[in-house]
Amino acid sequence: MFYMDGKLQYPVRVEKPSPLFARALQQAIGGVEGEIRVCLQYMFQAWGCRGPAKYRDMLLNTGTEEIGHIEMLATAVALNLEKAPLSLQEEAAANPVAGAVLNGMNLRHILSSGLAATAEDANGVPFNASHVYGSGNIAADMLANATAESSGRALAVRLHGMTDDPGMKDMLGFLIARDTMHQQQWLAVIEELGGHKAQLPIPNSHPDSAEHARYAYAYFGHDVSGTVPGGRWTEGPSLDGKGTFTSMRSEPLGGEPMLATPPPDSGAQRDQMAGAGVPPTAANDPAQRSKGRPA
Amino acid sequence: MFYMDGKLQYPVRVEKPSPLFARALQQAIGGVEGEIRVCLQYMFQAWGCRGPAKYRDMLLNTGTEEIGHIEMLATAVALNLEKAPLSLQEEAAANPVAGAVLNGMNLRHILSSGLAATAEDANGVPFNASHVYGSGNIAADMLANATAESSGRALAVRLHGMTDDPGMKDMLGFLIARDTMHQQQWLAVIEELGGHKAQLPIPNSHPDSAEHARYAYAYFGHDVSGTVPGGRWTEGPSLDGKGTFTSMRSEPLGGEPMLATPPPDSGAQRDQMAGAGVPPTAANDPAQRSKGRPA
Amino acid sequence: MFYMDGKLQYPVRVEKPSPLFARALQQAIGGVEGEIRVCLQYMFQAWGCRGPAKYRDMLLNTGTEEIGHIEMLATAVALNLEKAPLSLQEEAAANPVAGAVLNGMNLRHILSSGLAATAEDANGVPFNASHVYGSGNIAADMLANATAESSGRALAVRLHGMTDDPGMKDMLGFLIARDTMHQQQWLAVIEELGGHKAQLPIPNSHPDSAEHARYAYAYFGHDVSGTVPGGRWTEGPSLDGKGTFTSMRSEPLGGEPMLATPPPDSGAQRDQMAGAGVPPTAANDPAQRSKGRPA
Amino acid sequence: MFYMDGKLQYPVRVEKPSPLFARALQQAIGGVEGEIRVCLQYMFQAWGCRGPAKYRDMLLNTGTEEIGHIEMLATAVALNLEKAPLSLQEEAAANPVAGAVLNGMNLRHILSSGLAATAEDANGVPFNASHVYGSGNIAADMLANATAESSGRALAVRLHGMTDDPGMKDMLGFLIARDTMHQQQWLAVIEELGGHKAQLPIPNSHPDSAEHARYAYAYFGHDVSGTVPGGRWTEGPSLDGKGTFTSMRSEPLGGEPMLATPPPDSGAQRDQMAGAGVPPTAANDPAQRSKGRPA
Amino acid sequence: MFYMDGKLQYPVRVEKPSPLFARALQQAIGGVEGEIRVCLQYMFQAWGCRGPAKYRDMLLNTGTEEIGHIEMLATAVALNLEKAPLSLQEEAAANPVAGAVLNGMNLRHILSSGLAATAEDANGVPFNASHVYGSGNIAADMLANATAESSGRALAVRLHGMTDDPGMKDMLGFLIARDTMHQQQWLAVIEELGGHKAQLPIPNSHPDSAEHARYAYAYFGHDVSGTVPGGRWTEGPSLDGKGTFTSMRSEPLGGEPMLATPPPDSGAQRDQMAGAGVPPTAANDPAQRSKGRPA
Amino acid sequence: MFYMDGKLQYPVRVEKPSPLFARALQQAIGGVEGEIRVCLQYMFQAWGCRGPAKYRDMLLNTGTEEIGHIEMLATAVALNLEKAPLSLQEEAAANPVAGAVLNGMNLRHILSSGLAATAEDANGVPFNASHVYGSGNIAADMLANATAESSGRALAVRLHGMTDDPGMKDMLGFLIARDTMHQQQWLAVIEELGGHKAQLPIPNSHPDSAEHARYAYAYFGHDVSGTVPGGRWTEGPSLDGKGTFTSMRSEPLGGEPMLATPPPDSGAQRDQMAGAGVPPTAANDPAQRSKGRPA
């Protein structure tokens, strides 16, 4: 169960409202790198967490923190929209270039929300909760969370570079710091559980015999020239300590796939149904599978 | 530029076609943990790769391998759909429980694709390319890729456990092995680049002065009881070697947000507009902001 | 800023786990009538609330309550999934009707989340945040919220009728009661602000002169027979007290729309471009707009 | 069955084509507040209407009117796009500020539709039919419809304020008037059926005994300070006349949720599986659920 | 402007209601092959039609017909849902196989719509209006429409085969016939305008000089073996009469793409920024682009 | 299985980077007319192809070519983004019109991808794989493919007209030529299989007796005036040679639909349930279905 105090986790000040920056900030609210996503992701992982309860608790605390981050950003969007032009005329009056500010706005900030944040990204694409990853596997989830905080921090850094409003820079400086911590806390769980050696491959609970070991530590080259880009992934011990990295040129181990002709009532064309009681057309002749070599 | 040979990377055999398993396999094609996603993700990362060219090459090879994985799975779906019932009657005839097989099917496998795979997940939700992550940051991308392969391998392992068809188990044993390798190859890049110490926080190119250092290594507790779940993330050196993990109870550093009243032409109700030339109603009285304490 | 205590707002017990009911419960989590929607909707309305602060507070309290409802339902889904079959064989062994339970499941509950709730509806369609309505208009928002709680309570009632698990019925009895209250609290705001007379039409801040009064209180009939369904909406005073309801047969007040021929470089076919420097074909002859009367 | 006459319900004139305003108008076509939504919503409610036939008829008439509103707006978009720049050069020639008009356009108006309307909102996000609400409950549907017309009228009013084209203002003046009527006609149905007293709670057909009456009329406070925002919703008779509004501080009535450890084949990590035949790691020790109190 | 008469274009009878068939029918309502799509597609094409007015009229008539098709199918869904089980118990009582009917249902037919059609496909995925194609090019649109009617008729034929309810077969027999006509009417427009010779390539208004003629009539082979599948597309005159089909093995005409290193403030890792004022790591050395040949 | 060579199919040069043109090019990557769509579409059609194998081969070759087209366009986007402004200040310094370039950008090109292409359209809407059409019917698929290449070529032609960068015009000249060929190759399959006469109606494998022949060749007029637009579709032999086109005024062949009252537990209002054990209100009286004629 949850509580609030109506206050902001960190002050949100805007000295020079910028409707364009309001649009940019939306990416941090409803973008795939944004706060709605991590908030729901940590919550759902907590609510479905099976195993040691401390990880549930850890997720729940940070998920709760993230609601407050959405709140800060939504407030920042609303403040950046104050004084936004509401009409083409108003804009034209203030600026000889008709529509310059309106051009860059998310028009839904005027038309739909009345100068407030929406649950969308910087392009106005609504948040889609398929991005709420929770796999039921603690190691996969910790990697997913570190990933989310990495693209999230890249986003916050880019927003920080985009603005020169001191209030916005101050707020983003706080959020960037929190992302620094959040990246590390999820990776710290993997370290606590034994690191790559203990946790890889993910899931580590599946019997090794079920996978074809021959292909488990080889980097496959698909370049027609046969060259393979070398690096840590083509030599040395594998990160799980169970094998040695190699590389090999990928070759087809299977043949051409063969599907049955479609059944009579399946909605195909007659020409596809040779052998299904329908006379073949000329095209429907296996011998015709021409493989001519072009000049 | 790309080429093909029309053969399968690994043999795909189905001994006992199962339309329900065909539905399950769709998750590995068009699900967020599936192969369309990783294929496009590695490709787009490669095509936008800035910096050392070897990483572009590495991504491009594996992206190219993944097209062949979609191909294998699409073939597996088509083979599992052969002999699927096409009508309620047919089903009833074959099975005293009317509709038992049709109940579990993705009906679009009959109605839309004519017994073939679709670009959807196990629930028939089409693949959405917002899951193609490419951040322009090599470390963030490597984590994203390791994440994708972790949930992908969890999926493959679960599919492996779901079926007892020997052909399907064989194919999945190959794909699980490839996921093992792919998890490690992306993490090996981070190791090659110096590991957590060199790469964290992500991005590592942003000046440290821009973030509020005080909050960069502290786990925040949001439990009203004041307890904080302890672990590697609350003590010891931070993973980037720049700080020491601590924990603190989160407190609001900002006050209540204050937004301006809406402008006259903004489409709000009059009651929201006190001071904007519209007479306030009783409700629109700041003094009225009652905060009574309930019994 | 937000806090939690790790406890459930109301007990969640499941006596007879049912994976099918787990799927049904998802509608109350990630469906358009569900709790993620109302949670985010009340939050975003609060964060963008302009005007009397008491409404911001009111929204924020209830938005915070709703996080706990998602938590309860996510817990209920996880408990209903315990003992779910993980394989076709297991299923077949337990039940002579192959796949009966798996048929009805959201397979992502096995394949993606490892027996836990997802941010999706009962069909596995992820929550889409375009459903987070916040108009910047307090009356429109209160109606939107009452609507959400009405379809939400209809959903909860239907779930209550679908199960006979005593624990689930108990939990739903609590949620239904909360929906009862929530419906009324949003409508109570409209009453507090003066009811239909004071608040309609929404927005009430737009000058009446801007709308064509002649068409503002007339029900339009579009039945070719000329009949119009009568009721409160065709007679008596309008609900805003400013007019009298009437009905009229709708007639076209405008003519046929006329668009210009496409410019030369616009990607149209030549046949569409008569008069734009491209010789017309026979079809491109205005005189040819045949309107013959069929036999 | 449906008919048309090829004429517009109301004249659509554009004196000064504005590609930016064409983008804004799209919100009224394919936005969540737009006409495709209400058109389909009233139609689907009519087609699924169970109970008195007059409501089906009423819905069908207005749904049919709304097709004509989409037509008017689509025509308005096409007319606003005439003379839009098709190239960066053309733009640059006409205007010293390179790209000023193209910047603000929905580029799909050039690239995809050839200067015509699309089924999208102002950001180019396609209409998503999950917004077509039809609950099978007449009261819930009437509220949903009044909601749609409220945000719809707010949108139309904002568009009216955004433009100074006389033709566009005239057309919007008609649409605003129709929204005024439509808001009231749906609410008039609720009045005809007895108003809040008779219709609340929605659904009113569920036995009262199924809900926990103790929580049905209480506003819950979730502010850690214990204060609760007071108003009509915290005192006086409830709107359905069955209870009295009160307020209470929300307290957890349930405990911490306890999920089972994951089954062996479920794709979790070994560390999550203590007691499931897998030796626990240090982390997997219930005693370890540390709840230290930070300094 | 539009009208209705409240009657069905063709009778809709259901003798044996089948909730599973109700789910299947949804594909014809809200699926990509369904009637909402063609209805909106023909409407938007008509409303944006530039050029000879007869094509606008032709589109508008058929678009109007399609509304009635949605109506028929929505009615068919509602009738197939009458007597659907509403609870797990009811189901169990009626049928020894617990949940057999509920398993196959779109649960939203119970939970969300109260036994009525939704604007979704057979998997419960809501209709997405990005499928409303209107290109502003009459020939492209006619092909798009013929395509829609082809997959639409395949769907109707498959539904016809799936059911043995005489009423449903009768209704589908009508819809299949309409699809037959609609396929041909769109193709007849192309014939009227001169057929392939006059209309290809689409658009036919672009100057030929702008395309690289050398590649305009050659089928490209991408098989590593060099074989190319031969057919009408590799020999004989092209369909537009302007060239002769040939085939050629595709070869890269360009080199490897070279992107600049990322700018300093762009959120990349330092390792990607050699030459941008950041010291290169070992990995960031062009010489290191290893292309070793694997054993 | 697939291979690559790391080279571009055709050179991609950008002389004057334009972030606005980068946004426009996205339509050709992730738009519904774009290359991800055709790539996946031809691949999935190939992988599900039943019938003569030559068509599978033909599809697979062209699908493989299309991966290289995405690669070219993604490279073009990245090159057009080089030198894009990263901040409001930078922009303001370079250009007196604050934000002119940023206004027109897809801000995710800065914030999310770090100056690289995304899997989105020109509005930033992610590619949705429901556009990957594969019907299992060879003729329907060939039409779908010709459609995709027609809107695709219209798009490429419009992009060609939008830019005056010689490198971009050169690249687009190649892509336009490939679209010319691709349009024709799919239509050539239909010609090879006998053309319209042999292939229509699609599917041609369904027994003619199943459709109501009376309605299979008649154009239906829905204009209330009774006029019908005449053309090739209203007279002459049908394209399949089986009938003669006629036109007729559409008349309702069915009556008004009648749905049952909702069952007691279905979540409807009591007023909808007359005859279901719930006393009717006045409104719930069939006799009340007023059809008054308005003045």
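Letters A, B, C, D, E and F mark the chains in the order given here, with residues in each chain numbered from 1 onward.
Operating definition for what follows: a contact is a pair of C-beta atoms (placed from the backbone, for glycine too) under 8 Å apart; a residue touches a chain by one contact, two chains touch by 3 or more.
A quick note: this is a predicted structure, and the numbers were derived from the prediction, not measured.
Common neighbours of chain B and chain F (chains touching each): A, C, D, E. Chains that count as touching both chain C and chain D, per the definition above, are A, B, E, F. To fit its Cα atoms onto chain C, chain B must turn through 120 degrees, a value rounded to the nearest 5.
More C-beta pairs in contact connect the chains of A-B than those of the other pair, out of A-B and D-E.
One inter-chain figure worth recording: chain D and chain F are separated by 25 Å, centre to centre, where each centre is the mean of the chain's CA atoms. Mean C-alpha position of chain C lies 26 Å from that of chain F. Chain contacts: chain C has residues 1-9, 32-33, 47-48, 50, 54, 57, 60-61, 64-65, 71, 75, 78, 86-87, 97, 100, 103-104, 110, 112, 114-116, 120, 123-126, 128, 130, 135-137, 139, 151, 154-155, 157-158, 161, 192, 202-203, 206, 221-225, 228-231, 250, 252, 256-257, 259-260, 262, 265-268, 283, 289-291 touching two or more partner chains. Within the complex formed with chain A, the chain F residues making contact are 1-6, 47-54, 57, 86-89, 97-100, 102-104, 106-108, 110-112, 114, 120, 123-126, 135-139, 192-194, 198-199, 202-206. Across the interface of their complex, chain C is touched by residues 3, 5-12, 32-33, 54-55, 57-58, 60-62, 64-65, 71-72, 75, 78-79, 82, 86-87, 110, 114-116, 125, 128, 130-131, 133, 135-137, 139-140, 143-144, 146-147, 150-151, 153-154, 157, 160, 169, 173-174, 176-181, 183-185, 187-189, 191-192, 196, 200-203, 206, 210-224, 228-233, 238-240, 245, 250, 252-257, 259-260, 262-263, 265-268 of chain D. Put simply, chain E touches chain B in their complex at residues 18, 20-21, 23-24, 27, 31-33, 97, 100-101, 103-104, 121-125, 151, 154-155, 158-159, 161-164, 222-225, 250, 252, 256-257, 259-262, 264, 266-274, 278, 281, 283-286, 288-291. Against chain C, in their complex, chain F makes its touches with residues 154-155, 157-158, 161, 221, 224-231, 234, 246-249, 265-267, 283, 289-295.
Of all the residues in chain B, the ones that touch chain F in their complex are 1-9, 30, 36, 40, 43-44, 47-48, 50, 57, 60-61, 64-65, 67-68, 70-71, 74-75, 78, 112-120, 126-130, 132, 134-137.
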